[in-house]
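One structure coming up, written as C-alpha cells, with questions to follow.
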Amino acid sequence: MRIGVLTGGGDCPGLNAVIRAIVRKGINTHGHEFFGFRHGWAGVINNEGVDLTLDSTRGILHRGGTILGSSRTNVYKVEDGLNKVKASMKAQGLDALIPIGGEDTLGVAGKLHEDGIPVVGVPKTIDNDLAATDFTFGFQTAVQIATDAIDRLHTTAESHNRVLVCEVMGRHAGWLAVYSGMAGGADVILIPERPFDIDEVVDHLKRRHERGATFSIVVVAEGATPKDGGLLTAYETKDAFGHVRLGGIGMMLERQIEEKTGFESRTTILGHIQRGGTPLAFDRVLGSRFGVAAVDAITEGNYGKMTALRGTGIELVPLAEALAEPKLVDSELYETAEVFFG
Amino acid sequence: MRIGVLTGGGDCPGLNAVIRAIVRKGINTHGHEFFGFRHGWAGVINNEGVDLTLDSTRGILHRGGTILGSSRTNVYKVEDGLNKVKASMKAQGLDALIPIGGEDTLGVAGKLHEDGIPVVGVPKTIDNDLAATDFTFGFQTAVQIATDAIDRLHTTAESHNRVLVCEVMGRHAGWLAVYSGMAGGADVILIPERPFDIDEVVDHLKRRHERGATFSIVVVAEGATPKDGGLLTAYETKDAFGHVRLGGIGMMLERQIEEKTGFESRTTILGHIQRGGTPLAFDRVLGSRFGVAAVDAITEGNYGKMTALRGTGIELVPLAEALAEPKLVDSELYETAEVFFG
Amino acid sequence: MRIGVLTGGGDCPGLNAVIRAIVRKGINTHGHEFFGFRHGWAGVINNEGVDLTLDSTRGILHRGGTILGSSRTNVYKVEDGLNKVKASMKAQGLDALIPIGGEDTLGVAGKLHEDGIPVVGVPKTIDNDLAATDFTFGFQTAVQIATDAIDRLHTTAESHNRVLVCEVMGRHAGWLAVYSGMAGGADVILIPERPFDIDEVVDHLKRRHERGATFSIVVVAEGATPKDGGLLTAYETKDAFGHVRLGGIGMMLERQIEEKTGFESRTTILGHIQRGGTPLAFDRVLGSRFGVAAVDAITEGNYGKMTALRGTGIELVPLAEALAEPKLVDSELYETAEVFFG
Amino acid sequence: MRIGVLTGGGDCPGLNAVIRAIVRKGINTHGHEFFGFRHGWAGVINNEGVDLTLDSTRGILHRGGTILGSSRTNVYKVEDGLNKVKASMKAQGLDALIPIGGEDTLGVAGKLHEDGIPVVGVPKTIDNDLAATDFTFGFQTAVQIATDAIDRLHTTAESHNRVLVCEVMGRHAGWLAVYSGMAGGADVILIPERPFDIDEVVDHLKRRHERGATFSIVVVAEGATPKDGGLLTAYETKDAFGHVRLGGIGMMLERQIEEKTGFESRTTILGHIQRGGTPLAFDRVLGSRFGVAAVDAITEGNYGKMTALRGTGIELVPLAEALAEPKLVDSELYETAEVFFG
C-alpha cells in the first residue's frame, strides 16, 4: 500500500514520534510506502508534500513540532475540497490516509470516511479533552512544563503576602490546569468548567494568609471565566501607542487580586512554551504506539477508526464516536485537587 | 480516627506526595489524626515515629525520598512481630494502618489484614511490576531519567561504529528498559523476560552498521541474562587491590560487544539516580490520588485493599489479589519496541 | 567570633549556597558562631532571627529562595536605624555582619562600615548589573530558565508568519535578555540600554519573513522602552471588571507587531519563575566560593569589602567602589548578539 | 575569503554553536565563504566535506554533537600529511582554516601555522584543562549533568549507612569532579591531581556516619588513582563468558568501601551522557563568542592564535603558548571544596 500522512492543528509534543512510528512499522513490517503532505489538509488540497522514508524520519523522535508542518485548513470549507483530496490521492497513488490532529482535523477525517476515502486517524489534543481516549500524547509534556514553572514559583524570599498567578492553556477544558496545579501544589485552580466568583477567590486567599501562609499560587486556565460573565476571558487594553486591544485572564486576576487583597501579585503566562520542545518519554511512547496501531489498522482495512489509549492498551474506536462530545474535567478529580487548596 | 502511616522498601519518587495527600485529606475532610512510623515496619515494631500534621507535611510534594525513612524489615520475620505491631498501635492509639510499599511491605499488610489489623495499602514499585494497577507512581519518573540519559547518548562526534550501553533498573521485569528504550530510540533492548543470545545481539549491531549506522544504543535491564545462563547477571572482577568481586550486565555487554564487533563500546550505569530526586507531575498526581483514595477507604472501613490505577480512575483491589503475580512486559509492547530496532 | 548573617532584596537562586558556605567554613575552619537575622535588615532592626549551625544549614545547597527570608527594609530610612542595628548586635553578642544582597542591601552595608560596624558583603543581583564582579550567582540560572523557554518556542507547527515574544527580567540592564537571546537563537533582542523604534523592529521581522523565515522570536527585557518614550514600559488596560491598570512591554509588543505585520503574535511572560527554584551548578559553586571568601575576610578583619569574581578567582573589592556604577550591557556583546538576528 | 572549518576529538556540547557563529559572522559581516571538512583532520587529508551556508547551519545552536563529525586523525602522523592539507585547501580554494578541538587538534593547528598555513583555533576540552582560557565551552554542561545526577542521589529512603559513588569524566584533571562535587554537596571528591589513600577515605566515611550521617556521596574522576599505585585506574575483571577485561575506578571504590566499612555501596557511572545533548546557555554563548572572535581574527590576518575567555572578555592567545601546559585543579579551589566534606 501507499499511504498519505498529515498533521493538522496546533503544535503538540509527540507528533514526530507518531510519524516515525507509522513509517517504520509500515515499511519494516508491511512493506508500505508513505507520502507526507505538508501543512495538514492544505497540503492534501494542494497536492504538496514529500515521500517519507526510513531515512527522512530518522532522528526526529525527540524533536518537538512536526516535520510535516500544519495548518487549520478544513477540506469541506474549500471549494470542491473533496474532489481535490481525491485528485491528490490519485496523483500520488495513495490507497489511504492517516491524518494526525485534533477535533477539526479528525472531523474532516470522519467525513472523508463517510465519503469513501480509506482513513484511520490519530488523535492529538494538548488539552486532553477527547472522550474516547484516556490520554493523548503531548498532554503530559505540557503538564510537566507548567509544573516545572509552578515549582519555581514556590520559592519567594522577599515579601510576605505575595500571590503568584500562573496562566496555562485550556480554552474549553481545565485538564492541564488541574494536573499541573495538583502536581505543583497550587492553592487555587480555576478552570473553564467551573466559572469562578472573584470574591470567593479573594476570600480564600485572605483566609490562607491570615492562617500564616506567606504566599499563594493561583493556577488559571486561559479559558476560565468569572461567574458574572463580563468580558469573559478578555479585557480591553490601551497600549503605549494608544491602541486598544484584548488581554488574558491571568493579568486580569493579578490586578483584581492585588486590588482586593492588597497583596503584591505577579503573573507568569506560559504561552506557547507549553506546546513546544522535546516530548516527555510518556508522550513519545504513546505517540509511537498510536502510530504503530494506526498503520496496522490501515493494513487490516479497519477504516473510519481512531487510535485510543484505554488503560495500558491501544484500541481502535470509530471516528464518529470519538468526536461526539468533549471530555471535561470530572468532579471527582477536581474535588481531589481541592483537598490541597488549604 | 487515628491512623498510622509508614513507607517500606526502596526509594521511589512520589512517596512524599502520598503521605501529604493522606494527611491533608484525612485531616481536612475526615478530621482524622496521623502518626508516621519511621523506617517502615521497623518503626512499627519499635514504636518509633512522629505525629504527622498539616504543617509537618507542607512543602514535601516535590521532594524525592520519604520523610518517614524506610527499611526492609518484615513483621513476620521478627520474633513476636504481630504482637509488637499490636502493642505499638495500642501505645499510639491507632485505629488503622496505611503502609506504602512494594511486594514485601504489602505482603505484610495482607497478612496483618488476615490477622485482624485494619489496613489499606498503597502500592509502590519503581519497576512497575504489579499486576493490579496500570501504573505505580515513580515509574514514569525513572523512565524519564533513563530517557534523558539515552537522549544525551545520541550525539556522538568522534568515531564511527561506536556502541553505547545504558544499564537501567529492573531485576525481574523489563518495563523501565522497554519504556525508556522506546522513548530514547534504542536499537536493542534487553530485558529479564527474554534471555538474549549475545551472538544475535552482535549480529544485529553489525548489520546496522553495515547498513550505514554510525552508532548504536543498547538499553539493558540489570536483570537481563544471556540465554546460556553462565554467571547470569554477574561477572567476577579482580580489583586494584587484588580482591575478586561481582559486576553487572552492562559492563559485561560492553566488553562482549567490543570484542565481538571491534566497535568501541562505552557503558553508562544509571544506578540510584533512577530512584531519587523530584518526581514528575504524573507521579505526583498519581501519588496524591492514591493517598486520598487510601484514607477514604480507611474511613469507610474498606480494609484489606490496595489502591490501583485503572484507566483514568482510582480503584480499590484486594491486597491478596494484587500480590498474586508479578506483571511482566507483555509481548505486544515488546514487539512494538522491536519495530524501532532497525 | 560571633557573626550575623542576613539576606536582602529579591529572590535569587544560590542564596542558600552562600549561607551554608559561610557557616561551614566559619565553624569548621575558624571556630566562629553564627546568628541568622530574618527578613534582611528588618530582622536586624527588630533583633529577630535564629542561630545558624551545621545542622540548620544542611540540605539547603540545591534549594531556591533563602532560609532566612528577605525584605527591602533600609536601615537608614528607619528612625534611629543605626542604633537599633548596634543594639541588636550587642544583644546577640555579634562581632560582625555579613549581609548578602543587591545594591540597596550593600548600600546599607557600605554606610554601616563607615559608621564603624565590621561588615563584609556578598553581592547578589539576578540582573548581573554590578560592575565590580564578572558575574553574580543566580544570573546563569535565570539565563538558563529563559533559554529553556525560548528553546521550546522554536517549534511551531501551525502557521506561517508567527512571531513569539518572550519577556524576561531586566529593568535597567539587559544582560539576561542578551544572554538568553543569544543562547536561544533570538531574532530580535530589546534591552533598556538601547531604546527601540517599533517600526525598525517591524521592518526587520517583515524582511526576515520575506526571505523565507516562517517564525521569529523576540526576546525583550521588561525594562526595554520604545524610543519615543510614550508610556515607556507600561500601557493602560481596562479589565473585565472595568478597572484601568498598567501592563508590560511584552504584551505591548505582541499587539504592535501583530497589528503592523499582520503576523499572528503570542507572548510568554516568564515572571517570577526566573527567580525561583534550584540553582545551576555554576551558581552553587559561585555562591559557595563567595560565602567562604566572605567569612575568611571577616576573620582577617578585612572589613568594608565585597566578594567578587574576577576571571576564575574570588577577590575582595571595597564596597564603595563596587556600588559606584551599574554595569550595563557593553556594545561588543550586544553587537555579537546582533550577528545572529539575520 | 574562503575558509575551511573542522572539529576534532571527543564530543563536547557547544561545537555546533561555534560552527554556526563562524559562518553567520563570516557571511553577514565579512562576506566570506565556508567549507566544512568532515571528521576533523581526516576530512582535510581526504578532501571530504561540504559547503557551510546560512541555511545549512540553521537550527543547530541547541544541538549536541557536531554536524561536521570528528576524528582523532593527526596530520603529522599521516604520510605526506602537510602536503595533503595543502592540496585539499587548494582544491577547495581555501585561504585559511579554523580547527575547533582539543590539545591534539590544536597541536596540529600550531604546527600548520609554523608551516605557513593561515590558521586560527577554537579550544575545546570538556575537561576544562587548558591553561590559556578561563573556561572552555561544554564544561559547564558536563558539570550540570553530573550535578543533576548527584542531586538525585541525595534522597535515599531505605537504609542507614549507604555510600553512593558517582564516577565522572576527567582522566588527567579533576575540574569536573570538583565543580560537580561542590555543586552537588559531595562528601568526598577524588581527583587525579591528588592520589588518594583508600583507608583515609574509608576512615572519613566511618567518622561521618558515626557522627550521624545516614549516607555519603563520593564523587570520583575516572583518572583518580590510589596512592599505592596498584593497577591505577583499572582492575581486572572476568566476565560471564570467562574473559578478563579492565574496569573503572568507580566500581573499584564501591567494592573497597563496602568491604572496609560494611556500608552498602552503589555506583553510578555517567559515561558518555556527560558529553552529549543540548548545551547549557553558558556554553552556547561562549561557543558563539569564540566563533565570532575566530572568524574576526582570520579576517584581520591574526593567524596562529586561539580564542580564549579571560574574565568576561574574549581574547586571542598564541597557539603555542596555549598548549604549553595543562591546567590542573588549583589548591585553593580544592581546599574550598574540602570545607564541605564534613
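The letters A, B, C and D name the chains in turn, as written, and every chain counts its residues from 1.
The rule is short, and it goes like this: a residue touches a chain if its C-beta (ideal position, glycine included) is under 8 Å from a C-beta of that chain, and two chains touch if they have at least 3 such contacts.
Small disclaimer: the values here were computed from a predicted structure and weren't measured.
**Student:** Could you let me know which interface, A-B or A-C, is made of more C-beta pairs in contact?
**Tutor:** By number of C-beta pairs in contact, A-C is the larger.
**Student:** Farthest from subunit A in C-alpha centre terms, which chain would that be?
**Tutor:** D
**Student:** How many Å are there between the centre of subunit A and the centre of subunit B, using C-alpha atoms for each centre?
**Tutor:** Comparing mean C-alpha positions, subunit B is 30 Å from subunit A.
**Student:** In whole angstrom, what separates the CA-based centres of subunit A and subunit C?
**Tutor:** Roughly 34 Å separates the two chain centres.
**Student:** Which positions in subunit D are in touch with at least two other chains?
**Tutor:** If we look for residues of subunit D contacting two or more partner chains, we find 151, 154.
**Student:** Chains as vertices, touching pairs as edges: which of line, ring, star, complete or other describes this one?
**Tutor:** Its topology is that of a ring.
**Student:** Applying the document's contact rule, which stretches of subunit D touch subunit C when the two form their complex?
**Tutor:** Of all residues in subunit D, those touching subunit C are 20-21, 24-25, 28-29, 54, 59, 61-62, 134-135, 140, 143-144, 146-147, 151, 154, 179-180, 182-185, 278, 280-282, 284-285, 288-289, 292, 310-313, 336, 339-340, 342.
**Student:** Looking at the complex, which residues from subunit B come into contact with subunit D?
**Tutor:** Listed in rising order, the residues are 7, 9-12, 15, 63-66, 69-72, 145, 148-149, 151-159, 164, 198, 226, 230-232, 234-241, 243, 245, 247, 251-252, 255-256, 259, 266-277.
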